[in-house]
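Shared chain: chain A. Partners: chain B in the first complex, chain C in the second.
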Partner chain A sequence: MTSPIADFNRKRDEDSVEELSPFWGIEKGIVLQEARCFNDPQLDARKCQQVITKLLYLHVQGEFFTKTEITEIFFSVTKLFQSKNNNLRRMLYLIIKEICPTSDEVIIVTSSLMKDMNSKVDLYRANAIRVLCCIADSAILGQIERYLKQAIVDRSDAVSSAALISATHLSLADVDIVRRWSSEIQEAVNSSSPEVQFHALGLLYEIRKFDRLSINKLVAQLTRTQLRSPLAQCLLIRYVSEVIKDSAEDTVAPLHTFLQSCMRHKSEIVVFESIRAITSQHDLEAHQLVSVVNVLQLLLSSPKPSSRFAAMRVINKLAFLFPDLISNCNADIENLISDENKSIATLAITTLLKTGGDAAVERLLARIHSFMSEIQDEFKIMIIEAVRITCIRCAHKYRILLSFLSTYLREEGGFEYKQSIVRSIVQLFNAIPEAKELSLSYLSEFIEDCEYTQLSCEVLYLLGKETPYTTDPGKYLRYIYNRVILENPSIRAASISAMASIAVHCEMLKGRVLVLLRRCLFDSDDEVRDRACASIALLEKASAQKAGSLTTHTTEAFENVLLKYCQSNSDEPIDLQTIVTSSSANSESTNSASVLEQEHVISDISYSNIASVPYFATCGDVFKSSMKIDLTEDETEYKISCVKHIFDSHIVFEFICSNTIKEQALTNVTVAMEALGTSGLLEPTVLPLNVMPLTSYGSTFVVFDHEVGTQVEERFACTLKFVSKEIDPITGALEDDGYEDEYSIEDVELLATDFMRSARVQEFSQVWSESESYVENTFSNIVLPHDTVEKSVSHFSSLLGFSPCIGKTVTRNATLHTACFAAELSTGEHVLIKIALSMESQSSVTATVTCRAPQAQLCNQVLSVITC
Partner chain B sequence: MSIPSVSSIVILDDEGKRVAVKYYETLKRARDVQFTFERNLFTKSSHLSGKGEVELLILDDYIAVHKASHDLRFYVAARHDENELILVSVLETLYEALCTLLRGVVDKHAALENLDLVLLVIDELIDGGLILETDPTTIVNRVSMEESMEHSLTEQTISQALATAREQISRNLLR
Partner chain C sequence: MGDDARSYWDAFVAWLRALFFGREMEIVVIGLQNAGKTSFIDALSGGTFEEDMIPTVGFNVRRLRRDGVSVKTWDLGGQERFRGTWERYCRGVDCVVYVVDAAAKELFETARNELHGLLKRETLREIPLLVLGNKSDLESAVRVQDVVEAMELKRATGREVCCYNVSCKNSTNIDVCLKWLTAHAK
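Let's turn to the complex of A and B:
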């Protein structure tokens, strides 16, 4: 135990150390004040240097300087060119580069820097070149070009290097100006200084890299000489491997030999670079790698951790492609499992898992056990990943590997680590079906003590989805129900959904689940209660109706309502009440025979009654329902409108009728449809409407059979037929006798677009470019009588029956606009439509419509619909 | 394949605070990206033994080499496909040059006391991401603007060069 006095002393020591820091309590404002010393007529070089250092310190610490402050600093700093002090000058160069003045300010320092560029002092020249090239614009470049060219072959290495490096930066912006110095650069490649040679070679390649022939020549020439600088040698290796990639197989043999010879270079950097070059070639073959692996093996036992790591990285990569080859150095790799650097150890383990045979797996897992406790989560994740791959490779070892994974599920760990284990297990049982039951039981044990809510919910969902198909789903119910008792609301809710899902799929467990769910009805959490309630209702309904799953039904109804709402451009909010009533009406209607009279639920959204008619229950899902078309004038006695529903093998015309005359009742209402074209549709089935309701709506149906996946175009003449009966004005009772009557309504057309619905397309341009093979046709210069582009877009939307996927909203007063529509057919094929609109005059919009469809006929049909 | 390049040089103290940093290329821009990057470097290297050996770290798209000295931590980072050993040599050059200039004691106090020298070493080592010089002695000379030795360097022993450098620096400091 330390005495208080010792503590005190140590504290004071720490404080004093803190105070000793030259930047303790530094503030930007004060430093900017201090910077005024740059303007003193008698410069104090030492002080100025200190102030510059302070400014740079602030800069390094991430302090923000305003534009004015930077300008101010820059202007006062330029005064320091008066000083002859070398070290101050060096700091001056540095700070100019750091603050990087704007182009209109640069002019202040160019003359000073150009003077330094011609100085007798080498380092002035070198630094001035670097600074100038860093801040110069093209005008200044023109002025200094001559000097730069000369500087490349300067007798001083510093100047030469500076010029070459600066030229390399310049070449990225403007390669042409640098190309003019080609001969000087070529000369510098032969310099006696290794650095200059390195920089010159780099630059030479940059300016020639688009000239294959000259690069090939350069490489061929240089591979025969010995470069002084290891870095230059590395560059050469990179260029050689580029040339190999681009050249034919037979011409590159000498280059391969060169790469192999580089592995015997005395510099480790070069050796490693050549290994990287060889291993990154595309068509690697095992025999080329034998010597590489030998060298790597030597590097593995290098005393330097960085070399071991680098070698291990390459081996790990190779292990994927050539497990057999790498297994030769398994012994060396195994030694690295105990490496102090855990990154190396982890790489070693993952490599061994990849290369090791069946026999080695168990031994390795034992070693990993001792290792796992020492490493961080990120390495554990890498190991888990490797174990997963191993397991998929050695499928029959799944028991051992799964139990390994489950061990670590139980131990301490971060969220991402646990998640990686769970995901691995999921992937495993997807890949290896026989591992499923074992995996699920491990997972259900895991949720017993999982500390992460999100992960628990994930597992619960999975259990709900997967366990119904196992041999004994009941086993998992206990695990799941335990969560309801012990966990937080999110997990409880997830558990309830999981149990409901099991019950829906396993008839025999339904009773047990219902008992469990009823216990949850008094839960303190709203969501849990709601889910329990909904699930119970669902299960009870499902047992009454023997439907597979009701949830899908209600959500589908809800989805339909939402979709219709989206297409209707209505500003009214959706009335949730109507959805509930209409869906409950739907389910009731399935049980009762005379539904039509009961149907009172009318709203703009759910105007169609088709879902309530038992006849259509067996027809499958509606592929598309058209917009409602009015077939009568506004002020007539009867209001009739039509909705076209396309089923897979039926076309249904729903006539929605409403009576406006109180004294008269229309009974046995049907619509006679007479085909005017030659589409060859067979005689339809007619579903009459018993009584046309007064002020409310009822529907009569005409059903045609048609071939799956075909589009029919037809025009029908329609006549409303009914039996008219008088209503006694006093009693309100119907008279028994009526007379037959008919009423002529407008024609109904069946169009190609009725068979298309809006497709959900992620990226229209991508789908468009993928549809090259489709038939494309264009109608141009269609004049539309609209006075805004926006109206034209909604015109096309209503013709097609859905909104565009691109260009739905039109900017105000736009004169040019493009709208793109994507439609799908019942066959899953797409029809794509691009409409380019332009406002030619005040009162008309011109459109160009391009359509792509799988067949020419369809394409033309669609075009004629939209351009009529 | 292009010229070997470095994307950043970072020197932190033992609490992960900046002593000196220099970013090149993409990392240059957003300040919070830089701080996140430094925090990652620091946490990833915290479990390393740090016995003065150069260690390797992998961070998403970057690869970094690391070396600890007293309470300082040095990092040189580059794109993940760079040759690791080139980075090692850059880091070693940086360290050796600083060792000479800070007279063998490379710790936070000395580095802050001579921050100008630290920043100049970085500037002489890397120019805009490209490796400018890999010989520590040359860098020391250039930092202290001592050019007379540039040519006669090969004849001098290192210790002589160090002595001259030290003398030069102390002269400058005392001035």
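Let's turn to the complex of A and C:
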């Protein structure tokens, strides 16, 4: 009699003519039909399990379920709570967690889960905890907290682990509730079960991770004990290396000892984790690594491929930094070249290339030749990379290495592999100038039978760029022109550009290139013909200098000219010669368009135009320009904003205007300013703006004279005045007659602080003590509506218009802070402001502002500005 | 092959079970919160009464065995957010038990509206209804006729309807309920 398994296998062999995945041909519609079996009064547990499996399969495959479908599935699934079948219950937990309907629906299973959580069956308890923690809201969490706490120290490992993992998930949302279970978690860390210990340690770290001291303590405590679980030990190693990174050098000696001791752990995973931790430290020194290399050397001859691979990988990394150290293991590494695992072999070869001396290079390359045919492209790329590095290291071996690279350039291979070879060659001749000619000739041979268009174009561009500086550029012309005859349009076009580039730089080849280019004028492809045409025109007309400048044009300049051309209605063709000039001086507009256009060119992007207005040339330097203040709401017809400029004897209000209505032009724009106070400023001079530009900005100015060294406080009511004209929608020209109109904008204030600018003060305290003779005044207990000290500091900075010289940065969550501002008047005198901030409640900050100024009036003015 | 054998086996087990335990039935117990639904099931299973129960969040399913009948009970939460799901669990059951707090007259109107809203559903057609006026041990509890009236049970036509006053605390009338229920077993 045959055994049932053999029987089964035989049967399977017969069927296996077409062996199908059990998940083949599952369709959502049918499965949803089948899911009705959940509602049967007599449940068929086995069938239900299968249906759930299918549903889960569809779900993880990304099949979309509508909200009603999810609801329907969920409620019918809940009916399965009646079954006592363990496997079915397990699937039930799984599907509830996976499909996770809306929170108001999922709550329906809470009571049943709570019952399961207290069940006698471990399987129920563990899984119910997992699901419950997934779906619980804060109210439910409060109810089950007691049970979760108990579950963490449950005698069943599965339950304990489930509770710990769930708590880890919960801690992401609400770490405080989990912190309350610290003593239980601590107890679980000492559990005899490796799994529980691992999870508990992870959680313990999670709830303490923002408290560095407590992490240091945890690490110090655990490094003295022996953790049972290798995984937990790995976690500990990670935490240790974190602590080492953050701590001072002298305090971490025991931790280094711990890491060293972990390398002798009986579990390999711990060994590797400790090696990783040691080798990823900054400022490594060779003597620290001796023991690491010894351990790695042993692992290189491990029977397990994974260990060999891991060891090899670390060695490969170290080889970059400490080639001498690694060279001790060279014998072992060489054995691995013939390892049956190609990943290990590749790593071994690349490591040897990095560490091996000059003498070894040839021998290694010979070994690689026999090896290359067996491996895949991605490994080949790694080897090419290593060869490149070797080549740069042993520059005098470049001939051998280049011929090695070119051999593989000729052989079959994927695009990325070929690209990596080409790039390596390019880097080589950039690094080693002697290698250039040889490299270029290899590359030009390569394009003879390169199957990748992109790569061919890349090489052709390179040839065009580099060959003019070789001894015999003419040699390459043949290779390039061959491409024109044989290749597809993209390559043909690239070839033409390359030839043109050579001709531009080599006067003597110009005639030959022109002959070749003329043959291309009858090409079937537009782009090729165009390029040939353009190149010929260039070569014939322009000097090499001019043509050279065409190729070096910034694309932006070209784009600008094209954009301008598209916007204008001009029929004149663009003259390419002008691009160079117009890119440097953007104002040379080629068309004779309307006033609007000209305005557009003149107006600067940076918001103040004052520097470009001749009127102010004689006024001296600006003492201070204020921030830009918007005087209109967003989305209004005109955007007006104001900048106040203080000169020695003038106060200038610059109104920056922009029009947003296309059909209307605003000409002769001015702002009428009516002083509302009694400052006694004289009648201002007004500089009008000819036309308010559309979408761009232009300025009109109002200039008041004032006495040198005084501060004026005043408020002005402002009205925008202008002559409105219609624009003819077809020609774009302005109509001759318009009508006068005005538009009221917000008031502008002139404040004492406008006359102060940030002073460069070396030592604030010194300046403060020197200013004893000044008038001092203090406003205390000003309540600010900010919820952080930081916001309050920036509030004061924006009121004053400059940032503090002391206390600019506020430490996070600070409740007390002092910011000091030093300002300078045009007379050279200082105004000093000290602001002490304290956070008294959650939502308000209290400030005490002390100001010292040369005159009492100024002192009070400043205080009133910043405390309003 | 295996599946076939299994389903035969299941059928065999079902037959055996029917032989020993007799009949089976499925009931659903609903009503407003704090009416005593969970307590009623406890009383039905012969358990002791507990004064402070935790509100049922969602539902609990239990299996009782009384008088040779295996009764599967769906005990649903009575809070407002769960009332929308009652109907899903009432489909296809043998009996709907509606528990009313006979001592809370102010809730009668809500209880009546919820009941009749449910009875209107097509899926619940012809399912027998047992209305229980619970907490009859309290002095403020109304008589059974008043419960019938307050719930307007006359309107509940097209199905068998019965109403008892019970006290889960003292197990009063629980045996009568059980008898009525088991009479509807299949």
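Please note the rule applied: the second predicted complex is superposed on the first by the 514 of 868 C-alpha atoms of A that agree within 3 Å, B and C clash if a C-alpha of one lies under 4 Å from a C-alpha of the other, contacts with A are read in each partner's own complex, and residues count from 1 in each chain.
One rule holds in what follows: a contact is a pair of C-beta atoms (placed from the backbone, for glycine too) under 8 Å apart; a residue touches a chain by one contact, two chains touch by 3 or more.
Because the structure is a prediction, the values reported are computed rather than measured.
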| item | value |
| --- | --- |
| Superposition on chain A - do chain B and chain C clash or fit | fit |
| Touching partner for A:I383 - first (chain B), second (chain C), both, neither | neither |
| Partner chain(s) touched by A:M91 [first = chain B, second = chain C, both, neither] | first |
| Partner chain in contact with A:R46 - chain B first, chain C second, else both or neither | both |
| Touched partner set for A:E206, first chain B, second chain C, both or neither | first |
| A:Y239 touches, of chain B and chain C: first, second, both or neither? | first |
| Touching partner for A:F75 - first (chain B), second (chain C), both, neither | second |
| Partner chain(s) touched by A:I107 [first = chain B, second = chain C, both, neither] | second |
| Of chain C and chain B, partner touching more chain A residues | B |
| Minimum distance between Cα atoms of chain B and chain C in the superposition (Å) | 5 |
| Chain A residues contacted in one complex by chain B, in the other by chain C | 46 |
| Residues on chain B engaged by chain A in the complex (per definition of touch) | 1-4, 18, 20-21, 31, 34-35, 47-49, 53-58, 65, 83-86, 88-89, 109, 112-113, 115-116, 119-120, 123, 127-128, 130-135, 138, 142-145, 147, 150, 172, 175 |
| Of all residues in chain A, those that touch chain C in their complex | 39, 41-42, 44, 46, 75, 78-79, 81-82, 104-105, 107-112, 114-115, 140, 143 |
| Chain A to chain B touching residues, read off their complex | 17, 20-23, 45-46, 49, 52-53, 56-57, 60-62, 86-87, 89-91, 94, 97, 121-123, 126, 130, 134, 156-158, 161-162, 165-166, 168-169, 195, 198-199, 202, 205-206, 231, 234-235, 238-239, 241-242, 268-269, 272-273, 276, 304-307, 309-310, 313, 340-343, 376 |
| Residue ranges of chain C touching chain A (in the complex, touch as defined) | 3, 6-7, 10, 14, 24, 26, 54, 56-61, 63, 72, 77, 81-82, 85, 88-89, 91-92 |
